[in-house]
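One chain, chain A, links the two complexes that follow: it is found with chain B in the first and with chain C in the second.
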Partner chain A sequence: MDASLFLNAIAAGILLGGFYAAVALGLSIVFGQLDIVNIAHPAFIVAGSYLVFALNGGFGLDPVIAGILLMPIFFAVGVFVYRVYYAAFERTGRESLAGLAFFFGLMFVIEVLFIIFYGVDYRLVEADYIGKQIEIGLVGIPWRMLVPFCAALVMTGAIYLFMSRTFLGRAILAVSQDRLALQLMGADPVKIKQIAFGIGIATAALAGALLIMIGPVEPTIGRLYIGRIFAIIVLGGMGSIPGTLVAALIIGLSESIVTTYIGPSWAPTVAFGFLLITLAVRPQGLFGRL
Partner chain B sequence: MRFFKQLVLAIAALAVVVAYSPQVSAQSGKPIKIGFSMALTGVLGAGGKSALIAMEIWRDDVNKKGGLLGRPVELVYYDDATTPAKVPAIYTKLLNVDKVDLVVSSYGTDVIAPAMPIVMRSGKVFLGLFGLDVNHKFKYDRYFQIMPAGPNPAQDWSRGFFDIAKEKGLKSVAIAGADAEFAQNAVKGARANAKQDGLNIVYDKSFPPSTADFTPILRAIQATNPDIIYFGSYPANSVGIVKAANELGLKAKLVGGGMVGLQFAAIMKNLGPGLNNLVNYDFWVPAKTLKFPGIEEFLKKYQAAAAGKGVDLLGHYLPPWAYAYMQVLGQSVEATKSLDDKKLAEYIHKTTFNTVVGPVKFGKNGEWATSRALMIQFRGIKANNLDQFKMEGTRVVLKPDTVKSGDIMFPYKK
Partner chain C sequence: MANSLSISNVEAGYGSVRVLHDVTINVGGGETVVLLGSNGNGKSTLIKCITGLVEPDSGEIIFETDGEKINLIGKSPEDIVDLGIAMVPEGRRLFPALTVEENLTLGAYRPAARAKLDENLEFVYGAFPRLLERRNQLAGSMSGGEQQMVAIARSMMSDPKILLVDEPSVGLAPILVSQTIAKIKELQEQRNLTILMAEQNFNQAIKIADRGYIIVHGQIEFEGADAAALENNEMIKQYYLGA
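Take a look at the complex of A and B:
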């Protein structure tokens, strides 16, 4: 076996997995912990890409910095969207089907807004490091993939620390486990959930920046990622932050290795096959709790 | 005297009627409705929307001259979102509810093929916009494809690419195509050409159109050490491939082939020097050999109309052909003085049309009688500059020889 090919396949898989983790992280909080099927999450990611494109093209801002700057705005949007969702569906107990329709509708609205304002042409960003790579021994690492990987790792670590070390983070975990118990402790579950939803949407801003660094974006491109994102969340164990990262790395690695040695068209089959086998053996996912 | 006065008044009235008659009749007749679905959103939305602008320019040009058969032309269209499943319902509605007089296709193989059974059932003439080898299985004698792929489209499409390989004495080829209708047709033709030329196929695999990173694919290809790499890819794939190829320093001698998207202004501008020396298909580029009557005037109109609409700003790739397939339809209606599909089909089969993309003559299967699929090479591209693509020389026509504008820079990367 060619050692260089193998090591590069592993490196590419890890980098790709890091990117997948960034894309899935927000939905892991919203869907995995809050039980809200936000099918519009990829559309928020694409919205992040477009706004990063605007900041990159208009002010020459680095895509990652632009993504970080957009996070508070996305947080506020997330809080607002949750308030609407809560008032219209969750409060009345109609969140299952009507809520799903709401997020489908939201996805279409976001897509159409970007079609109206930006058209349907492909958008890309520019940065000095895009198109270059570093060589470490036999392994070549493109900056276009390394920067998203590092950004994803930092974001995942920060969310994990927030969730495990702060009162608010623990309250979010509590609301996902026992809403009534949290209420009895004097905390307002709705406020906790709106903050958690806001954090989930805030991650979409940075994920959008990473998406447009890797490839061109058009308003409906987020749909391509829906299946992969949900697969990662389920595989990782609904709502587990470390689980999301590990699952994303597994999917990224399996895609890269299968692409290199068997053929690219088998990559999704093997990745989803791995998901099915894992769920058969461990229904709660890798890091999930029953 | 009274009779004389009446005669003068009658002549004056007649003169007024004659002077204004074309305009009056054009605006007063029942509109001729031309129906189609169009990829206005989705993967091919960027191209589809630019095609629509070109079709609207044609409609306005025709209506300014009095319409067709003295009747104004109206376009009736729906967004198919580049989703094949939506297409049959759209054409059923166009034909049965909107009662359109004529139909043309959406943009792209994937959304033309699903319309075929519906259109064939109605017996309508069907002009196609950039469908690769769509009629291969349908064998519909009223189908006409404006894309100049040639009589054997799947193979003719990439023939120029493999002719270059042959001239350079290259021996081995890697083929990679997206898992979708167009790309699979393109790689099928490439495979046939490679076999015909006795090339050793060292890699032949498909990839999902949603592939996010092409580095593993290119490394796997690089490991087989091919002389030639032929890609059949969609815009997002093509960008990923070019970026990964430059990062890796791909060592093959001839790279490119059937990569959609590398003709779009925004993508060319962003990829910039990364495109240099890549050899890819195209259908029109600024070159002395491709200056046809009306093309520059059309491009001026298109570029003015496209500004600020978030579509391709140059309009070199698809819009001239979208205008041309409407020209073919319009010229046929005027010549036959009819909307009868049988008469129109017979006329289109036997006629050479003068269009903004040059003379168009269809063969028996509705494809171009002779291929004019270009193989162009990106040359001397600088970073972040769109205007350079308006000039001759940044995209040099290598094939076919009849419209060649320069020689190849070889190999792909030194």
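Take a look at the complex of A and C:
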């Protein structure tokens, strides 16, 4: 076996996995902890990519900085979307099917908006380091993968600390388990969910920046990620932040190895394979609590 | 330290079903008052009216703390908890997929309690050493008696002035019921709490009661000025003791 090929596949897989964690993180909170099936999450990520593209092209902003600057705006959008979702569906208990249709529709609206404004061509961002790579022995590590990997780790770590160390974070962990009990702790469940949803959407801004650094983006590219994201969340254990990171690394590594040795067209089967095996063997996922 | 509750002429129900009729009870500072009645007579509904989970149709619920009188009707449960009124709900209502310590920490959510988090955590672990041993265990995987300890400890984490306890005996073995009731009394003495406890287990409840009320079909049928008055009441003999 060619050692260089193998080591490069491993390195690329780890970097890809870190990026997947950033992509799945927001839905890990929204779906894993709030039980809201926000199928439009990848569309929000692509929206992040296009806005980063605009800031990068218009002002020459570094994509990561642009992604971070967009986070507060995405948070506000998330709060607004949750309010609409709550008033229209959750309050009346119709969230399961009507809510799913709502997010499906939202996904189409976002996609069409970007098709209207930017067309269906692929777009990409520019930064000095994109296109360069570090050579470590036999392994080449491209900056366009390394920067997203590091940004994803920092964001995942920050969310993990927020969830486990703050009162608000712990209330988010509790809200879907017993909302009446949470009221008796002095927290308003609707406000808690609103903030959590906002945080989930805010992560899509930075994930979008990372997506467009890794490769060119077109308006419907988010659809490639829907299955992968759900597979990561289920494999990691619903709502577990460390679980999301570990599952993302596992799926990234596996996809990279499959791509290298079997062929790129087989890569999408990896996530679904893991999803099926997880549901059959360990439905609570790697880090699932119950 | 006067933290008292006066509930006057409260009427409440769910939709067209009337549950409470003209209920008037008082809970004085530092008192342990029991609300006795069998299932379906309105005990839980009254407790829920105090915590804002059910809004009464009419009447007054006044919480008096340090000379200030606050009407609780119309306030959200969050605001009522913020004032220092904690509730141990029927059936415990723990967060099953969180650890014991995470459950306890959530008890200290209200701003006034956050600053005292470490101090109160030490206090409840002192009161319930078993919980210290099991602090990292998921609450949902514990026995009923342990879960009741977590529920009581969690309510103490909010540093309450008034503690409302709804049916602490439900689902517990008799030996655990008397331990739980004794523990509530111990906490009352240590923290000089004002307690209103709804309970159907008459014999256990009057062990710690200073005073009590009997509620039948949503009406207060008897007010006992002390435990002896409750024990010797004809209605209690009729309803509870089968005489």
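The definition used in the following text is that the second predicted complex is superposed on the first by the 288 of 290 C-alpha atoms of A that agree within 3 Å, B and C clash if a C-alpha of one lies under 4 Å from a C-alpha of the other, contacts with A are read in each partner's own complex, and residues count from 1 in each chain.
Throughout what follows, contacts are C-beta pairs under 8 Å (C-beta built on N, C-alpha and C of every residue); 3 or more make two chains touch, one makes a residue touch a chain.
All of these numbers come straight from a predicted model, not from anything done at the bench.
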item	value
Clash or fit (per the criteria above) of chain B with chain C on chain A	fit
If touched residues of chain A are counted for chain B and for chain C, the larger one	B
Touched partner set for A:Asp188, first chain B, second chain C, both or neither	second
Contacts of A:Leu180 with chain B and chain C, given as first, second, both or neither	second
Contacts of A:Phe108 with chain B and chain C, given as first, second, both or neither	neither
Partner chain(s) touched by A:Pro268 [first = chain B, second = chain C, both, neither]	first
Chain A-centred angle between chain C and chain B, computed on Cα centres after superposition, in steps of 10 °	150
First, second, both or neither for A:Arg170, with chain B first and chain C second	second
Shortest CA-CA distance in Å separating chain B from chain C in the superposed model	35
Common ground on chain A, meaning residues reached by chain C in one complex and by chain B in the other	none
Of all residues in chain A, those that touch chain B in their complex	2, 5, 8-9, 12-13, 15-16, 19-20, 111, 115, 117-124, 126, 130-133, 140, 142, 144-145, 214-216, 218-221, 224-225, 228, 255-256, 259-261, 263-265, 267-268
Contact footprint of chain A on chain C as seen in their complex	51, 53, 76-78, 81-82, 86-87, 89, 93-98, 102, 105-110, 114, 138, 140, 154, 158
Chain B to chain A touching residues, read off their complex	40-43, 45-46, 48-49, 81, 176, 179, 205-213, 215-217, 219-220, 223, 235-236, 239-240, 243-244, 246-248, 261, 264-267, 270, 274, 309-312, 384
Contact set on chain A toward chain C in their complex	167, 170-171, 173-174, 177-178, 180-188, 289-290
